[in-house]
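Structure below; questions to follow.
For clarity, chains are labelled A, B and C in written order, and residue numbers in each chain start from 1.
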């Protein structure tokens, strides 16, 4: 029973973190209609920014969010403006050339990180690293809890942005129908760039709050890219609530699968569910609740 | 398409040159190894190109076929001490069976979802082959004393596999199958309206593509004498590089992936050796970085790849030379 | 004998009924015009016949076989060819290769497909652009390529979806000649959807008129043109 509760709680907390990774991807997929295979790599960049701030300047990783998020935001805007947007007009044999471009971008980011920081595993040591609450045999990691709360706040913030602001309305309009939106006076090009920026800023925030929990190394990204698209497909494209469900489902599948089935297959559970959902529930889990 | 000669004189010339290469030059084992890797990548890139470049099914999981081919040679050896050379018989066939099974799932998906589906499938295999130690010896991998010390026999074998791969593409593209592949790539709905059974021909394309990727995998085990799941099912080092080799050389062209393979290996080795010792040592860490930049450049400015946009490149170079002459 | 029969065919998209209980027969060797205002369901009927969409209810009978649940490529192989209103050329292939791809549906050899391609190129007056890329053709050429691809599959019934739209008067006359020749020289039955009255009234033997997915009337071009409901639904704005 304790093992069950422990799995459940860890699963839920990690699920909250996964949700923000998924949110960013979901936003980008919804508006740009591409799979961003540089997603985790941008998160890695943000983590190195925070790690550097901690290592060289002694700034607490929770504070360095004010550095890592804007840095990643502007970097992503630059990438999408000069590398992704120009491809929309280009005629290429494979329609996936934007996706392939994100592969190239991811590769350059990883290798740049390897060059600057070497392949060594890094981590930050703070007063709260490794601290946990003990609730009758079930332990709750403090950094994980903080990250969970932050991810809830970010989700709420994004929800507000999308639903209540003009910018959000423009983003949703572009996601639904790019041409119609541009006829209504929305600059689809600007919105695309901005969306890629915001989506990346979200994972940047996630990355920074992961720093006290996970090790950091140049190749940390791809694993999270994979998680991000699993979450997005699970939750259904372009859905805020869906990203949360997807995040939690993935995290629970991983923790329970690892506890009760086999821990070696931990990373495969998500992918298996992902394939099943892709084939049998193309609308994601939310299509189950639709009548 | 149908005015081209089936095999041109220069193509025969290239093949004879490749065959004669070891007899003309006295290569060091290091260079011999590079030659083998170039040709290995020609096979992988060309087989990916058949499925993606010609049929429009952009697979992000080509490592699945390479890996299963490698293990088709490795598993019987590990379990029963069967000679890995049988892999040259079983590798391709096993990959075709896998391709057929995967096709049932992934061909329900289109575009980017197909890409993700294939990627996920290959990753699941990588994890599974690491876990099922009774079958694969898990992460410890399978080790085998290679048959020959000299690299030349291996060079001729992989050259034969490459010739088979390229010939397959050439033959298929002159037949009904080839026209159907291109039609499916260009517009699946229009293709079905002219009587093309898209799922059948996608399966045929996948079958041919996976066969040669599987052969390459079997060869890899025979040649290297060691495989583990992280190497042969690698997402980046196999699946992604197969794609990039195709893109740089030119998707949907016969010789594109071959050119891409040469560029990729040359670039990698030039940097890894720090320009053969002429550049400072730190340069050697930059090979993947430079390759990534090259990919970005090609997608932006040469969407048809080096071969597909050759006319464009020639024109640019030509113009430059002219303007230089004016000075 | 009727070559194709639609029997009470209905198509719902969600709550919207695009085609409502439509029935008609096409006689062997005739040209049937299908008319109706924009969005009245003409293209949807074509998409139902060649099974781009499944019907919601009703049956489609072709040469005595029920083809309602056959797949698109099977229907093409049974002998129904079609063109697309929004043209779908295989744009990176040459015009000749586009036709080759279609010709392989009946010919298994390269030489056989090439022979059919030459015949079709000549018939549709596309021989002079045979080696151009299909994506680079002007609109008249692309419309004709649609017909050429369909013909190369050797259909017995051809569905023409607005093959005359966007053509200038000279091109229009050429298109009409080709459509007439398809019937007279090749003996192919035709269902044609067209907005240009000059074309449809001229070449159709009979006309089936629909509005909002429902049949209004059917008859000779003269009868349909004189029908007050048709005038109101379809020509209304032009006649007031």
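By definition in this document, a residue touches a chain if its C-beta (ideal position, glycine included) is under 8 Å from a C-beta of that chain, and two chains touch if they have at least 3 such contacts.
Since the structure is predicted, the reported quantities are computational estimates derived from the model, not experimental observations.
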Chain contact topology (line, ring, star, complete or other): line
Chain ID, smallest distance between chain and overall C-alpha centroids: B
Which of B-C and A-B has more C-beta pairs touching across its chains: A-B
Chain at maximum distance from chain A, centres defined as averaged CA atoms: C
Centre-of-Cα separation between chain C and chain A, whole angstrom: 48
Averaged-CA centre spacing for the pair chain C and chain B, given as whole angstrom: 43
CA centroid of chain A to CA centroid of chain B, Å: 31
Chain C: positions in contact with at least two other chains: 92
Multi-partner residues of chain B (at least 2 other chains): 252
Per-residue overlap in chain A, given as positions that touch at least 2 other chains: 93
Chain B residues touching chain A - in the complex, by the definition given at the top: 52-53, 56, 58, 105, 108-109, 111-113, 115-117, 119-121, 123-124, 127-128, 130-131, 185, 235-236, 240, 243-244, 247, 251-252, 282, 285-286, 288-289, 291-293, 295-296, 299-300, 303-304, 308
Residue ranges of chain A in contact with chain B within the complex: 34-35, 83, 86-87, 90-97, 99-101, 103-105, 107-108, 110-112, 114-115, 222, 226, 229-230, 233, 262, 264-265, 267-268, 271-272, 274-275, 278-279
Chain C-facing residues of chain B, complex: 1-2, 174-176, 179-180, 182-183, 186-187, 189-198, 252
List of chain C residues in touch with chain B within their complex: 50, 52, 71-74, 76-77, 81-82, 84, 88-94, 96-97, 100-102, 104-105, 108, 110, 113-114, 149-150, 152-153
